[in-house]
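Chains here go by letter, A, B, C and D, matching the order in which they are written, and residues are numbered from 1 within each.
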Amino acid sequence: MWRQWIPFWQPGLSPQSGDVDLLFAGLLIASAVVLGLLFFLLTLFCVRYRSGNQTDREHRVAKSWHWEVGWTAASLVGFLGLFVWGASVYFEMYKTPADELDVFVVAKQWMWKTQHPGGQAEINALHVPVKRPVRLVMASQDVIHSFFIPALRLKHDVVPGRYQDLEIEVDRPGQYHLFCAEYCGTDHSGMIGEIVAMEPADFSNWLAQQAPSSPLAAEGGALFRELGCSGCHGNGSKVRAPPLEGVYGRPVPLSDGSTVIADDKYIRDSILLPRSQIVASYEPLMPSFEGKVSEDQLLRLVMYIKSLAGRSS
Amino acid sequence: MSETNYLTTDYTLRSWFLTTDHKRIAILYFASLIFFFFIGGAAATVIRIELATPQGDLVSSDTYNRLFTMHGIIMVWFFLIPSIPNTLGNFIVPLMIGARDLAFPRLNLMSWYIFMLGGCTTLFAIFAGGIDTGWTFYTPFSTLYSNSYVILAAAGVFIAGFSSILTGLNFIVSIHRLRAPGLTWYRLPLFLWSLYATSVILVLATPVLAITLLLIATERFFGVGIFDPRIGGDPLLFQHLFWFYSHPAVYIMILPGMGVINELISCFSRKEVFGYKFVAWASLAIAAVGFLVWGHHMFVSGQSLVASLVFSFMSFIVAVPSAIKVFNWTATLHKGLLRFDAPMLYALGFIGLFTIGGLTGLFLACLAYDVHATDTYFVVAHFHYIMVGGMVTAYFGGLHYWWPKITGRLYSEHWARAAAVLIFFGFNLTFFPQFILGAEGMPRRYHIYPPEFQVWNVLSSGGAAILALAYLMPLFYLGYSAFFGPRAPANPWDAPGLEWQTSSPPPEHNFATQPVVTRKPYQYNRNFQAEPQNA
Amino acid sequence: MTERRPPLPLVGAWLGLLALLALTVTLAYVPLGAGNAIVALSIGTIKAGLVAAIFMELRHRSGLTLVFAGAGLFWLGILLWLGLMDFMTRT
Amino acid sequence: MPERAAFAPQYASVPHRDNTAELGMWVFIATEVLLFGGLILAYFVYRHAFLQGFAEGSRHTDIVIGTTNTAVLLTSSFLVAWAVEVFSPDTARLSAWLLTGAACLGLFFIVLKGIEYSKEYDEHLVPGVDFQFAGPLANGVQLFFIFYFVATAIHALHMLIGICLLTTLAAICRKAPTARHHTALHSAALYWHFVDVVWIFLFALIYLPGRSSS
């Protein structure tokens, strides 16, 4: 409610953005109190002690431990309070909820390409259902971009060379700005788009109406054969390579004795840098696909391997 | 004039360009900085005119990107960082410590030549076609994708860095070794404490920038990718290295301004600075802790959660000494005899603007809010409140304060006050709307923006027009006074510092006899008359 | 008669440095796992300390010079500590 | 203008000037530490990420040349320290010889470094010019060699500056040394020792990792 009293202020539209707005209001109030006090004192002193004014100037004080310790301690306590508040909201924002919808985002100079698991692709737009957490898996093809939705008070840089997860959730249907917030070259200011939040039913309709392209996982499966991955990882191949059925989301023992969870990042790295993390009891034979597959193809492969998660090897 | 002073010892060009007199070198720097300030200002003017409308109708996107990059590079490295240290500092430090020159006068001259070489290299890069990476040179854009003169511009900044290092080295050693007899550390004016802290940062942070720029240039020139993600390099490593310099560099820019404010507040309140030791040590605390906070530029970059937490915590800690200073300045006014000459107007403006800049800094240190505000106009507004509202205001204040000492002439008080007031209003009108823009989510470095942001942008552009005019005013009345103003007495403000105890302008070697310091700085008697430090 | 021979500490430091060099190269070939890096850097630090204390005459210098010499190292420590912190704690 | 004083007007005495200069030199060295510091951070970050690659890269450097060079540099540092210790107008010739010796050792270091560079060029290990390395560790090895070349090149540049300083001072010692050259010699010596210290660490970071395993 209090947000409506601030002119020009659009309230945030996700569960967390309310907390961010509250934090913002807290910061504003704290600043206003400090500024108000300061300006009051400055004005008071400037008026009372101006050179033309006859007033009591005896007993001037040059230093005072009490005051110094007082305002140092007060600022310290105030600042620490703000730190704790800000950090706790931050943790809340980046918490991963269960049951998510995955959407892939590829950033490149100067557009956002988004892709739903069913294969529906969008450019500079992203349709999402309301009140449902959506996990964005973001990658950049070239330079650093930053995925910024002011209405959700959320942004994250997309650094080339790695996947970046970001959870979003929109409370109310509508159209909201999507900006690139990290300077990325000539058309940086043109790298903007729209987040379209819809009621779940509308969203399903929308998905169904999109050009029927094959689901990402299916395309990934085709790539899997095209690129020759199935030659080694497939059933009954002569080369001994780890089977990929049921791998996703499970711990994988590595040759150096450690284990990793086979998430998106791990699979991506295994395709690009296959010999950095060797699965225990396998030979490091796989060639690197660095430079041979685009980010678009990579995410299809990842989706495909993910779709194998349910099957047992 | 019966005696010769540093300006009248010799009139040849050679005597200026081969001088080792710190005062003449300060003048050389001053002239160069005015030049760079107006180049950077011109770029800002075009940017603000462009942003008055949401469409990109004045310049193309490529030109716009080159303009804000040029504005940033020129203003940061060729105006703000050298501004107070190399002009006012160069002139005043030896006078304040009662020395005949800095410890290494030839190094001082060399630093100016290096600075000019760096400046010319950068200008050449700008006029040969410009550079469009932003002043931050983020990889991999700067190394792999930008089609502009990155290496040349980086070389200019690299070269200018050595001038910073030499200046810092000279100040540190001079303040340690050349203090007049009786001038103990706790008798140093606070301007020197803050310049000492600044010098520590200059000496220890600048080399990291140098090596970072060198790596950028190597990567671009040879095509080897030390930050190239395609061979496993990490663009975030670049950001760490860059901000290890560039965040402390913010304190390089603001600390000298804080130093000047101490001198002004004390002189025009006719009172000792309240809590001298706290203010002095706060400078060093800012310099030291300022090195531990750089990661707050990277909260959304993908650095680890632990790192973000530590850097956020440290960022709040570093705000404490700044707060201490503001409270002490305010307390200094208490029971003073306040005169509102132009330097004092600048000082009061500084306190207000710096406090707003500092408080909004807390918004950005605050993890959850920074996620929203970083890379928006909120950041732009915040650092302009510190850099322009803080540093440039303090620079103008200091310039007016020491102007009679530097030139030996008095300026028109009326014009000076008018300019101070106009700058204050123009500044707020320019930059306050940008806080609102940022809070509403307008990203920075946007050439074209959605129309709903236009109202605030028009206000900001209008303020910028006022600010530009206000910044031109001193050029005229100060310029006029330098040649035609009335002669200044040795101590026009009746201040107690050593620099006021020699003639205006000072003789070639500053003091006719070696001053001996007998008391603390900023002493005034019961009748608010200055008690000189050396009497 | 002016002394022409090198003072004993200098010779001692020189021979010590060469001996440490031999030691560090030898130890580099002994498999110690992660210990190899620690050994190499520790011996390097001792060697640097010898050069600083004896060749650079720091052992005869006052506190101020020591502070100046140490400042660079201290700030290098900050750079490495906070810089590496990010990369060590990434998940 | 009156004849040149023995020291500039801002100083009170000759020792005052001398220890001011030494202090300045130490500030300069602190700056240099941070210059190499940025590189060292990059080294540790990538070594942390590419442990095997860095070990492999290290095995491709020439430890014989590396060790010889370390010994050469330590010895030249010793000669410079000796020259500073015995410097006085009547032992100037000895100082001159010692400095010449140190400068020659420095040159020898550069020559060996050049040989090493050319060997690495033959093995296609120069990133940006000719880098071919097959196998899983290629990225780590490439990052290692980028660090290797940048760090050793900057170090070699420092060496060249140092050699020029030592040669100039040797020439002065031969001709007309005065007490005021002692300060110059002392500062140059500090610089030379510092370059030596940098090498001690570069040696440990570049040549030693990965020797105990294959």
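In this section, contacts are C-beta pairs under 8 Å (C-beta built on N, C-alpha and C of every residue); 3 or more make two chains touch, one makes a residue touch a chain.
Keep in mind the model is a prediction, meaning the values are calculated, not measured.
A comparison of the A-B and B-C interfaces places the larger number of contacting C-beta pairs at A-B.
Computed centre separation for the pair chain B/chain C is 38 angstrom, with centres defined by C-alpha atoms.
Our note on geometry: chain C versus chain D, Cα centroid distance of 14 Å, whole angstroms. Mean C-alpha positions place chain A and chain D at a centre distance of 45 Å. Within chain A, residues 273 each touch two or more of the remaining chains. Across the assembly, chain D contributes residues 23, 27, 30-32, 34, 37-38, 41, 45, 49, 139 that each touch 2 or more other chains. In chain B, the residues that touch at least two other chains are 176, 204, 208, 232-234, 236-237, 240-241, 244, 305.
The chain pairs satisfying the stated touch condition come to A-B, A-D, B-C, B-D, C-D. Of all the residues in chain C, the ones that touch chain B in their complex are 64, 71-72, 75, 78-79, 82-83, 85-91. Chain D meets chain C in the complex at residues 22-23, 26-27, 29-34, 37-38, 40-41, 44-45, 48-49, 63, 67, 70-71, 74-75, 77-78, 80-82, 85-86, 88, 90-91, 94, 189-190, 193-194, 196-197, 200-201, 203-205, 207-209, 211-213. Contacts from chain B toward chain A in the complex involve residues 56, 61-62, 65, 132-134, 136, 138, 140-141, 144-146, 229-230, 232-236, 269, 271-272, 274-278, 300-302, 305, 308-309, 312-313, 316-317, 319-320, 323-324, 326-328, 330-331, 333-340, 348, 351-352, 355-356, 359-360, 362-363, 365-372, 374-376, 436, 439-441, 443-450. If you check the complex, the residues on chain A that touch chain D are 273-276, 284, 288.
Those residues of chain B that touch chain C in the complex are listed here as 176, 200, 204, 208, 234, 236-237, 240-241, 244, 291-292, 294-295, 303-307, 310-311.
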